[in-house]
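Working notes, beginning with the structure itself.
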Amino acid sequence: MTLSADAGAHATLAPYIVALPLAGAVVLLFFGKRIGRAAGVVASGAIAGSFALGVASYLGLLAAGEEEREASVRVFDWIQAGDFRVAADLLVDQLSIVMVLVVTGVGTLIHVYSIGYMAGDPRYPRFFAYLNLFAAAMLLLVLADNVLLLYVGWEGVGLCSYLLIGFWFERRAAANAAKKAFLVNRIGDFAFMLGIFVLVSEAGTLVVGDVNRAAADFDPGIATIGALLLFAGATGKSAQIPLYVWLPDAMEGPTPVSALIHAATMVTAGVYMVVRMGPVFEASGGAALEVVAWIGALTALWAALMACFEYDIKRVLAYSTISQLGYMFLAAGVRAYSASMFHLVTHAFFKALMFLGAGAVMHALAGQVDMRKMGGLRKVMPITGVTFMLGWLAISGIVPFSGFFSKDAILASAWQEGRYALWALGVGTALLTAFYMSRLYLRVFEGPVVVPGHAREHGGVHVHDAPPTMAAALVPLALLSVVGGVLNLPGALTLEHFLEPVVGHSEVPGGLTPWLLAGAALLVAAAGIALAAALYLAPAGEARRARIHGRARVPIDAARNKFFVDAIYGRAFVLPGKALSSFAANTVDARLIDGIVNGTGRLVAGASEGLRRWQTGYVRSYGATFLLGVVVIFSILFVRGVVM
Amino acid sequence: MPFQPPDVELAGIAPELALLVAGLLLLVFDAAFGERIGRAYLPYAASAGLLVALGLAVAGWRSAADRGAELQLSGMVALDGFSAFVKISLAVFGLLSVWIGRDYLSGEDDESEFFGLLLLAVAGMMLMGSAADLIMIFLALETFSIALYVLVGFRRRSLEGLESAMKYFLLGSFSSAFFLLGIALAYGAVGGTNLYGGAALGGAPGLVDHLASTSGGELGLLVLATGLLVVGLGFKIAAVPFHMWTPDAYQGAPTPVTGFMAAASKLAGFAALLRLLDATLYPLRWEWRPLVIGIAVLTMVVGSVLAVVQEDLKRMLAYSSIAHAGFVLTGVVAANDDGISGSLFYLATYGLTVLGAFAVLSLLAGREERRVRLADHRGLFYDSPLLAGALTLFLLSLAGVPLTSGFVGKLVVFGSAIDAGYSWVAVVGVLASAIAAFFYLRVLVVMYMQEREGPAEPARRWPWAGGVVALTALATLALGIFWGPLIDLAERATFFFAA
Amino acid sequence: MSIAPGFYLALAGMMFTIGAVGALVRRNAIVIFMFIELMLNAINLVFVTFARVHGNLDGQVLVFFVLVVAAAEVVVGLAIILVIARRRASANVDDVSLLRW
Amino acid sequence: MSESFWLNASIFAPLVGAVLIGFLPDGRVRLLRGAALAVTLATFALSIGVLASFDPGVAGFQQVTRAEWVPEWGIAYITGVDGVSLWMIMLTTFIMPLSVLASWSVERRAKAYFIFLLALETGMLGVFAALDLFLFYLFWEASLVPMYFVIGMWGYGRRIYAAMKFFLFTLAGSLLMLVAILFVYFNSGQGTFDYQTLLGAPFALGTQRLLFLAFFASFAVKVPLVPLHTWLPDAHTEAPTAGSVVLAALLLKLGAYGLIRFAIPLFPDAARELVPLIMTLAMIGIVYGAMVAIVQRDLKRLVAYSSVAHLGFVVLGVFVGTIQGMSGGILQMVNHGLSTGALFMLVGALYERRHTRLIADFGGLARSVPVMAGVFLFVALSSLGLPGLNGFVGEFLVLLGTFLGYRWWVVPAAFGIVLAAIYLLWAYQRVFHGEPSEANRGLVDLRAREVAMLAPLLALIAFIGVYPEPFLDRIEPSARRVVAQLRESSALPGGEGAPGGSATGDGAGGQGP
Amino acid sequence: MALEYAVFGAVFVVALGSSLAMLFARNAVHAALFLVATQVALAVAFLLQGAFFVAAIQIILYAGAIMVLFLFVIMLLGVDRREALTEPLPGQRPLAIGLGALLAAQILYVAYRGVELAVPGGGDGAGAITELNRDPGNVRAVARLLFGNYILPFEATSILLVVAIVGVMVLARRIGSIEAAASGAGSPATEEAA
């Protein structure tokens, strides 16, 4: 491993940040059986080590001067063909270090949580191997200095997502969900790869910094195409319209996986990538960003609508994730990159928290996920209940929890940019968010205690709070969810200021406007909570719900059926694809092409069969053939030689 | 005008004379003493005769190489590299046929006639190779044809054998009539039947001489004659549409005779055809070429296609021999040095290969000719691996797979056609060989990939025929790898006498 | 010799053709063979006629060879026909068609 | 010891070994296996010598041997390596010991089997090393016969049909090539079959076109390009495991190699003119092969069709006329050899355990044979082009090269990577996921021998994925040479050529403006 | 002159007439006799063109020896056998006649132009033949050629004849052994001719 001379000192650790979990994964894959129960510790140790290295790098970065904070380290030359050169370079700058800290930090907590959660699973070491592998891929993704390396991490996390969603592969639904996740992501990756080609041909390089610098000179048309292709990749990974369909299904995986991959880290890769490649998106002259913002806003609303009517608590969280990711894209689309990142970070905290809380609930209730069969759980599992409540308040946007600040930053940026329609969509989504999260929280944790029948029978008294390792993850996340907002409080240490060298400066509204906007957001959040309380907490809620359902049966049923999107995709793409494939295999290949091939054979054999009848066995007919030949030859020569 | 007896130079026909003497001695000796001393010596005697003929043919090659080509016996025979090459090949084919036939016939009371007729047939074929006069060609043709009619019908008590002899005979005489009409027309056109004529023969009329001095529309009669001569020789080489006798005669004839016909009779026919078309009538090539191309294409395609569905191995090889005639015809079409030498090379190597194949068949089928159907050879590889291996080699060579002589043969004849500007004929040729590959492969499938049904029938342990198999297998392989020397000889053999 | 050679050639040509046709339409092997002899005879006339045209005797000599060949063919051919006819009690060539296809 | 010793020794070592094995007793299967393994390993060792003495900086041929053979015809024994053939040779010698290991279950007529296998190796190595058209054709055909027997004698079910189809398909193509070779020989005016001498032979465009098509027919069958591919699924499916491995990993490479080595350099103008046609065929192959693979019910057939798709990438890369495409295409040949070879070994291992290849008969195997499941997934991921594994490097370069040369033409080809994921993961799911049925329980996981034959493949798959430089470094000079031949008009007297100006214009040197 | 025309006319009619008659003769013996008539007519045609020796051997050898052989074999197989004039092979007869007509037409055209096709100006060597017949005489001239230029073909005919003799020997033995085999095996008798 050679370090380039000009690398900043803080970047030297970057390779080890990736290598540590990778080594953990390799060790666990090969020796997992022998390591056995200690696998969780090994894996957690590896990721914790990465976190420590990340912190060290962060400190080193802080110590470096403003101008020297961006540093890359070359590990080796990767691919060279002609003028095309890609090296395995890792980039440490403000943006990537933030991601590293989130990934390793949240990752460590979730690893620790998994020790308890996965205890008793027969493939326990394998789970941690995958988890570590995921961490390594994700770290590679965020640290990559060039887009192709980023792509390696990008597909790597996709693979780990596949492996982990399908971890309980005996379950058909899990296997299906895993495959679906990978394939939908592949479609996005297909676009992403095309985008990479555009970058190579336009910029001549894939090094992130160089591409971004060169982007200014891109032809806007090409830049638009390239940016949209990259964004198409992001819609796959970050579950945006139209490729979000895999994420709800992905909840078939173990809950820590949902927390880590499908809430906190992997799904944010798309946002990270858009932020990273911001100049490319800007080079299109607004068109690409416009698309990003609108897709983000619409996805936010769309997913929130579905979340409102879902009973599976993990799926509610999944829709919520999609919705929140929409916010982040909305922010990126209005060039509020730091707001986007800010929300990314806080979301990582509170969503991971809520997933882990949901996991604790499932753990306690023997895998039950239907919220209709739960209630009042805060009383039997107080730690989970309280921490979940903090997460709920955070995502709902209640002052002073972290979600309030980050969401407010996004909305403010949209307002500031003059994108009132987007702002309105955001505010509407905020209302829904507050509503469905409250619905979830209130139904599950408040009200009279309801415990599903089979959980009672199996472990009646065992409906208990999370074990210590799980609690150990919940509490820190809850704290972060509460105080995460300070990251961006005005001052020298704000995230925005910190990221500015990388993502550029974005205007924030001044004067009275921010206060008004914040107030509006808060009001909306309160309204959402109140509505939920009226429907789910109040004694008359049941009747009200029935009335509403009676009046709006059609849209509600539609929402419950995910607006039939899966079915439509099935009809529009999957079925015709299968039909076309069958046609190709059974008709074109077997009948047409092989038919021609075998037909040629049959033709020869048929000609042979036919011609052999000519060989009648009668010598006189042989003679006739002979004479025919003679006369033909004679006639030809007669015409050529005598007449002419 | 007092009568001047011609100079009698026997060098040009020495091998033929040797065979004649050997054949007659054999017949007479056996007739006189056969009852008393048995017949075991017969194959040795026949081999000795053929070996002497071989030696004389080699001597003829030497003399042609030393003194150049010459016409002898009033221009009736040419002593040149071409004829010597043909005679050497024929002597070898004769030897191999005798050896196959020795085991096949051993113990029969008409062995002497078999060997005698075989030797006389070889003599006739040799005469065909060196004949420099149309009437000589005709007489030589008739000599070996009549011998073959009898040999084909040699199988005791077999109606098939007799039927094949009759068909061969009737069609053969029918075709002779056309050939003869061709000679008559040629005589009418030229005033003589010599191929060369001119100063070397004291101003006697001849085809080459005539062509050199005549031109244009006055050649009409000769063109017609050419067509009829091609018909007659086309019959001998089994070219479509004059091939109809081939499958029946090959199938009905005793296996050694079938091999002999496939190898020697074809070579003799082609020898005359090459001398006639590519040397003598070369100036008329624009007239006969389309014709021969048509015949070649038809022959290749029909032969290959018809072989595909055959279930009888001998019959299949008969159709394959038709296809091979077509391949050689592409060399004739080319009418350049490569074409001639290529054809000679092809015929020589094809003869060795096909004799080997028929030797294997005779070992398998025996005198009774019972195991000749494809299905009879299921799993042969596991019962007689060596025999199956040899047959595989022969079939691969016939299919034209590299590292066998058959491949080189195809290479040279197709190459010559391409060189002459007839690439499309070569393309037809390779397509036909692709079809042909199918039926050779079918045999391999049966031998290697299917299981025998019923009890194993051991192949005969015939030492002579086995020796033939070994020798021809070796030759097939060796000539597939080190073919330089033979092609070199064939190239030197392209020296035709041109007066 | 005042009759133009063409007349003789015409005669020969017609005889040759009759021979060829006859060999195909008759079924008795011996008769077929006789038609082939007819063809050879016609060729002999061609030889003799062309000998006259060219004013040399080579054509006449060639007739001699044709005769010899015809004789040899007849001997062998009739023997073959005889063997088969003895065996099948018939000289009909259509009866002899075991080998085909 | 001359520099070319290693090459020639590598070519003929298997043949010598085959002859020696011929003297061993037929019944002693273990001895025969051991001997075959030893021979192939020795060959691999010899080929290491080729690799070691290979100079990466040279674009032309090295380690050249030249010996007169039939001087009258200008035929000589000429062998040599460049960056293209080097890896093909290494791949061959590398795969062969593994396929011997994969032949452990061959008990019946083992002697003949190993003799054929070794003869086949010599044939293939000869093809890759031959620098004389005649010699090349000789080896080309010589590699056909042993494979025919291997499929026909040790195959499954419809082996005879498959063997016939394989042989006739290939033969029909190669015979046309033979005519073209002869035409070149006779009309080049050089009187030689020497490849390097013939390179400059000027032919008119019309002639070139026909000659190119004749060569192309032969190579396209072998590659195979749609619609000449239907021999492949049959041959792969019915062949014994080692046969499928050799077919897929090595024999198909002969076709692509032929295109690179002969079809393009000998007839550059025709090649340039026909690029759109060939690219279209390649793209159809990528998409069509993948689509047909999706619905296959037989696992081996599925892998076979995946080869059609993968080789489509190779041909695409070779013909796009950019250095990235060419290098990627060549690397992809190696990659495909490794990953598809491994896939066939795994399918063979499955067949040995369950005696079925029908996907529907499997299920839940990840529970009963977890290691095999993991290995299968790893190989499948390599095959579907997961970054970090070898398949990605090749495919990415090919697609990048295509984009640089032809822009949006790349879209259908790139969509192939989605389809590859579909058929491989769907198959993986159906075989390994789910609850195992009674028959699928209690299967034995990978044995030591199987690990030994798969481990080298897996290691190389990962190595190339992470660090392809040693490969690309050696490929590039040679690839550059072929690209130059494809792009630039040769010195034609009539000044024809350079018709592909717009098509190849903006990828110059691999980079945009 | 007139005589020559008359004789030729007779030759023409007889030769052609008996050839045609052969076609329609249902009895083989009749066919043979018509063939003899044709051959005799041809001999006359030879004479008309100065080929005396050939005319003689035509009578002696052909009409005499060969045709006797034919008749002998016919007798051996049964004289009375009549051949049905129906045609079992479909298309055989029209095809043969059609091809024959085409061939005849072409040959006739060639005969019409034949001589000039061969010899420019349609020369006639009748004078030279007459000269040769006078000196050294037809037989002698032919003999000189036969034993001069044509000595090898002449000798070669001996091989031909040997082959024929040996062949007939073999076939004759065949007949014997076959008959022995046939009668021994009790297979259908050969004497079925009615």
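Residue numbering begins at 1 within each chain, and the chains themselves are lettered A, B, C, D and E in the order written.
Assume contacts are C-beta pairs under 8 Å (C-beta built on N, C-alpha and C of every residue); 3 or more make two chains touch, one makes a residue touch a chain.
What you are looking at is a predicted structure, and each value in this text was computed from that prediction instead of being measured.
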Ordered by label, the neighbours common to chain D and chain E are A, B
Comparing A-E with B-E, the one with more C-beta contacts is B-E
Greatest centre-to-centre gap (Cα means) from chain E is with chain A
Per CA centroids, the chain at the heart of the structure shown is D
When centres are defined as mean Cα positions, the distance from chain B to chain D in whole Å is 44
Dist(centroid_CA(chain C), centroid_CA(chain D)) in Å evaluates to 65
Chain centres from averaged Cα atoms put chain C and chain E apart, in whole Å, by 5
CA centroids of chain A and chain D: separation to the nearest Å works out as 37
Multi-chain touching residues of chain E, meaning two or more other chains, are 89, 92, 95-96, 99-100, 103, 110, 113-114, 117-119, 149-150, 153, 157, 160, 163-164, 167, 171, 174, 178
Where chain B touches two or more other chains at once, the residues are 135, 139, 142, 146, 149-150, 153, 162, 166-167, 170, 174, 185, 188, 191, 220-221, 224, 247-248, 438
Shared-interface residues of chain C (touching two or more other chains) are 16, 19-20, 23-25, 27, 32-33, 49-50, 53-54, 56, 58, 65, 69, 72-73, 76, 80-81, 83, 87, 93-94, 96-100
Chain pairs satisfying touch are A-B, A-C, A-D, A-E, B-C, B-D, B-E, C-E
In their shared complex, chain E is touched by residues of chain B numbered 1, 3-6, 8, 13, 16, 20, 23-24, 27, 73-77, 109-110, 113, 116-117, 120-121, 123-124, 127, 133, 135-136, 139-140, 142-143, 146-147, 149-150, 153-154, 156-157, 162, 185, 188-191, 204, 218, 220-221, 224
Listed in rising order, the residues of chain A that touch chain E in the complex are 616, 618, 620-621, 624, 627-628, 630-631, 634-635, 638, 642
The answer for chain B against chain D in the complex is residues 382, 396, 401-403, 407, 411, 414-415, 418-419, 423, 426-427, 430-431, 433-434, 437-438, 441, 444-445, 448-450, 483-484, 487-488, 491
Within the complex, chain B is touched by chain D residues 69-73, 109, 137-138, 140-142, 144-145, 148-149, 152-153, 159-160, 163-164, 167-168, 171-172, 175-176, 178-179, 182-183, 185-187
In the complex, the residues of chain D that touch chain A are 165, 168-169, 226-227, 229-231, 288, 291-292, 294-296, 322-324, 327-328, 364, 366-367, 374, 381, 386-388, 392-393, 396-397, 399-401, 403-404, 410-411, 414-415, 417-418, 421-422, 425-426, 429, 432-435, 466-469, 472-473, 476, 480, 506-507, 509-512
